[in-house]
Amino acid sequence: MRYNNRARDELRPVKFTVGYCDYPAGSVLVETGRTRVLCNASVEDRLPPHLIGGTGGWVTAEYSMLPAATLTRNRRDISSMKLAPRSAEIQRLIGRALRSVTDLGMLSGMTITVDCDVIQADGGTRTASITGGWLALWLACEKLKKDGVFTVNPVREEIAAVSAGIVNGEVLLDLDYSEDSRAEADFNMVMTAEGRIIELQGTGEERPFSRSELNGLLDLGTKGICELCRSRRAYMKRSL
Amino acid sequence: MRYNNRARDELRPVKFTVGYCDYPAGSVLVETGRTRVLCNASVEDRLPPHLIGGTGGWVTAEYSMLPAATLTRNRRDISSMKLAPRSAEIQRLIGRALRSVTDLGMLSGMTITVDCDVIQADGGTRTASITGGWLALWLACEKLKKDGVFTVNPVREEIAAVSAGIVNGEVLLDLDYSEDSRAEADFNMVMTAEGRIIELQGTGEERPFSRSELNGLLDLGTKGICELCRSRRAYMKRSL
Amino acid sequence: MRYNNRARDELRPVKFTVGYCDYPAGSVLVETGRTRVLCNASVEDRLPPHLIGGTGGWVTAEYSMLPAATLTRNRRDISSMKLAPRSAEIQRLIGRALRSVTDLGMLSGMTITVDCDVIQADGGTRTASITGGWLALWLACEKLKKDGVFTVNPVREEIAAVSAGIVNGEVLLDLDYSEDSRAEADFNMVMTAEGRIIELQGTGEERPFSRSELNGLLDLGTKGICELCRSRRAYMKRSL
Amino acid sequence: MRYNNRARDELRPVKFTVGYCDYPAGSVLVETGRTRVLCNASVEDRLPPHLIGGTGGWVTAEYSMLPAATLTRNRRDISSMKLAPRSAEIQRLIGRALRSVTDLGMLSGMTITVDCDVIQADGGTRTASITGGWLALWLACEKLKKDGVFTVNPVREEIAAVSAGIVNGEVLLDLDYSEDSRAEADFNMVMTAEGRIIELQGTGEERPFSRSELNGLLDLGTKGICELCRSRRAYMKRSL
Amino acid sequence: MRYNNRARDELRPVKFTVGYCDYPAGSVLVETGRTRVLCNASVEDRLPPHLIGGTGGWVTAEYSMLPAATLTRNRRDISSMKLAPRSAEIQRLIGRALRSVTDLGMLSGMTITVDCDVIQADGGTRTASITGGWLALWLACEKLKKDGVFTVNPVREEIAAVSAGIVNGEVLLDLDYSEDSRAEADFNMVMTAEGRIIELQGTGEERPFSRSELNGLLDLGTKGICELCRSRRAYMKRSL
Amino acid sequence: MRYNNRARDELRPVKFTVGYCDYPAGSVLVETGRTRVLCNASVEDRLPPHLIGGTGGWVTAEYSMLPAATLTRNRRDISSMKLAPRSAEIQRLIGRALRSVTDLGMLSGMTITVDCDVIQADGGTRTASITGGWLALWLACEKLKKDGVFTVNPVREEIAAVSAGIVNGEVLLDLDYSEDSRAEADFNMVMTAEGRIIELQGTGEERPFSRSELNGLLDLGTKGICELCRSRRAYMKRSL
């Protein structure tokens, strides 16, 4: 039995608070179950060194957990003087996913940074960051559109992300922390609303898994991402 | 005229959300005007190196701003590989203030870390951190008391903090960012509910100021701190 | 046409030099096409902090590129004072994969570090590191077995890794750098010799890809990994 | 009884060695009791990043202790790879105080750095740094004046700093280390020669203190700063 | 008796593999006994800050050991977040030696970095780095010459380096690790092929040594360097 | 002509101020011409990691320049977050030289750190650090002897250091900065009072130099070191 009698293929309740912060161009607090991530998209008139002199722009992400977001307090990166490797990996994933559906050529001279700060972590923070971060990015671009920077939003396609995993031999959608920590295999998926694949990352943490198990995980993920996009669209309409 | 017709000696509306996060022993989101600081108090069974072998415990604070908390995005400390000196200074102040009213001898073997993460900054983040952080610390100690660690709360006295400043020659209580950035002098005060002084930090940023101006600032601060303690007490009662 | 008339589903020539270095317990220079990675497994009588006090051991990996390994010189991590995020991500992948097939309980009190230093990079360095690193780890454990530390090798299963990708709409096995840099999608796979999945990481770099394209990539990868294990087994027999 | 029968409101003997070093534009060794701080003001033709493109200049300070300056050796910042937070706080204070009386607009394109290196620490190093650093800065500007950079010295006003504190219930001026370490409250004051306030920093380290105690501390500080300015003026005249 | 019956004044077998790596302009694997150093010279169109605006170029070196190069694994610099002081010292020595015989004025706007990565360390890695690094630098300049950048090679003179030491009172040429660790005195010499001195570094590690012992060490070093240059010249001819 | 008509083989005036600082066990301000180095020897009851568990003790050195010690201000190490490689090299040299004449076995469980802080640099700071640091170390051990820690001073032998160089073809003793910056070759020597060699470091900065030039440099150095030891002995006697 899952917490709250959740079905095998059921997402946790998801909620988007648009405009949570006043200053960034796009701001979304995304909550999925007890997991809460604040996604803020800030626009700056500067380029990363490797793009200076070119004609396009850039989208990047930063991911960090508040110290008290987890069951036992985790130290700040600055205390150990290095970005946690796990955070480095996750923020590369978020940035890659967001760039893959953005027309960077339209962002000439601008960098949009999507900060994903985890307020509370109960599993699925990286996928929530992508699902919420996409909305923050889209909102920031809508704002630039209203300001006349461009006439169509350069975020060309909707994407979302979700996890699935094998727990006690069963394939489950959207693992919470207690499930994730017991999972035999763990899969994170980023897809478009139509289920085309942007990124897959899966690990057999306790044992190797089979092609047919993989297919079960992908089926669940496709269903979950489709539902996430649908429920997110309601928030998008309201904010237009 | 101040924003929202605020009077010279009037605080911004203040609100405490107790239990904002689920995991830390004490958790408070404090909001004062548009300034929002999340204060989480975590208890750990470890001591800082300089106390190992002794009989008491420790209280410390960490202060940090989210990148999108300010009008223009500010870089994370880890990007520049050093704790911002301003943050270092502020977290030393918060820790000192909280320790000054805590019976550290009762916290034997424990460290309580009060994390003050600024979600949105519109002036007064350091004083909000002290006012909210005190409540988070008190709540964490109440929890330890319920768990039987001690029979009286080791936080012996109520303290709060507020700023006051001189803007266009006028003495104002509780500066917001637009006032703070134009202030001729800026004063941060930490006091007990009865107006006894814990810490004063004041700067004549644009010009030296006089003893009588100082007295005006102190009078305002005493009034503000007294009001903050009174309104905070309502939240304390509810959470018992 | 691929370089050297390589077929779509053909690996680059692969070569293992066992015992390349004299001091580490297991040492392998793995070469696949022009890519060369030196994999050294060192045994130390110490544990990482999170395992101290427990009964098992640990396997970890470090990955680094020599500055002159790439077409244009890349700076050392120490120059920029941070581990390259890409390296952090890769060494986490290698360590996870190696641990997934090792009986850590048998390595009581020991840490085996598998250093993967890229001498020359022409695509596929992370997969070569896993394929070669597995052999270095196995050799180090054989040596411990000969020294009487245990009677069976704690590395329970053979694994290897390979990449596949979509280039100009065609699915190709084992991309070299010139292919990788033009790939629409890029997939890294770690599997057992029987094709059961340990880890998958795939990205649609230029465009989303479909489930049927994914299946094509997985079929190629399974074939490649099976061949890599077979050819590596010859080197294992010789070194017994 | 204080060391050397010093009265409650008496400064320690103070001495300024002007021109202690040959290379910097302004160089002063300030000694107050056993506390010795070397203050050197160096002029450079560069601006900090946030001023580039503007018309003015900048004054900044760096504060550091020699390892053997204290009773037990203190480690260098570079050993722990971070600027001691206490030093960060102090150098911000020194810089702020010196800038508050300098016409930065006259220093166009120049940065003057006032290095305050503590040779020996017996309490009051931060206030000695301000009192001595002001003189080093003024001397550097006199030199620039002689070189024809400007016709009046841009340091518009004399400032000095001193500490006062409450020890065993008694209000004392200019604490040495043995007094400071026992103080119930500790106050650092920066004022003009006429007693107008530049900066106040006070802490009730052992207990809160009252407004009337505060007034006692301020009276002592005003007296001390006035005397420091008077005795420093003699050294200024000699060096013209 | 020395290992392999080596005579007091006999070098270990030395071997140069020219073109070991494909990408850098000059690439040499130098082996002397069991010591193996990979020397790669990379040409970049940039200058270090202190030369920008000038007319010449720069030659610099970086020295690093692979973790498994030594009998017991050594940690990477990035783990401890600082360049090992020994490495810093050695790379300064290599760079100084190479610059002393290069006409930097001819390298206008270019920096040549000679990376010396120690694959295996059995004593004499710094001298092998100079002897091999000189060849890598010369090859890189030959390549630039072929590319028409200049008509004569700017490396004006041949240099090589070797160690000598006093072990059990006996003066020995080219110490291996087991000799070096027992040496009473240890001497590193860099000379031209004709025995003129570029750099000397000698330490009486166990006891002071005399002028006549020094002369014995210098005689051995001169002989060794002369032989190293002679044997290296064969590899130079072949690569023309 | 040298500054002040100094002869080719003449030292600059040298002066030792014993007891310059009050807290460290041994404290010496050494001045040679305009070069001034403060050498403080501090005794601590701790051992470096590699000696813990052994029976002896340790002597080490740290070397640093004040920012205003040089003609143009040099940045603090902490600003660039790394120990200047030149300083790292010099402090290794000082530590090695001091250890070579100290009976470390007598310092059981203690570390003596000799801090060499350059107040003003006019050439020869590393040799002055050794000459002055030796005295600080000897004084600290005399103090321990008085405290009954041992009955003979563990510093067994007198050493000192000096530079010599070739300027305009002429061999000169004890170069000042203006000579050093024009030197064709530069030699630093550490010897016992009897001229036996502890350490030699010499570089042909502008051109290779010959064996006979080397002999000229060594003759000058031997003479200089002998004189330094003699004049230092006067200060030692006075401080007994």
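Should a chain be cited, it is by its letter among A, B, C, D, E and F, assigned in written order, with residues numbered from 1 in that chain.
Convention: contacts are C-beta pairs under 8 Å (C-beta built on N, C-alpha and C of every residue); 3 or more make two chains touch, one makes a residue touch a chain.
In this text the structure is predicted, and so the values were computed from the model without any measurement.
The minimum number of touch steps separating subunit D from subunit E is 2. Among the remaining chains, the Cα-based centre furthest from that of subunit A is the centre of F. For this pair, subunit A with subunit C, the centres built from the Cα atoms lie 28 Å apart.
If each chain is reduced to the centroid of its CA atoms, subunit A and subunit E end up 50 Å from each other. Taking each chain's centre as the average of its CA atoms, subunit A and subunit B sit 33 Å apart. With touch defined as above, residues shared between interfaces to two or more other chains in subunit F number as follows: 81-83. Here the chains link up into one ring; start at subunit A, go to subunit C, and the full order comes out as A, C, E, F, D, B. Considering their complex, residues 21-24, 27, 34, 38, 40, 42, 44, 62, 64, 66-73, 76-78, 81-83, 113, 115, 117, 119-120 of subunit C touch subunit E. The residues of subunit B lying in touch with subunit D in their complex are 82-83, 85-86, 88-89, 91-92, 96, 100, 157, 191-192, 195-211, 214, 218.
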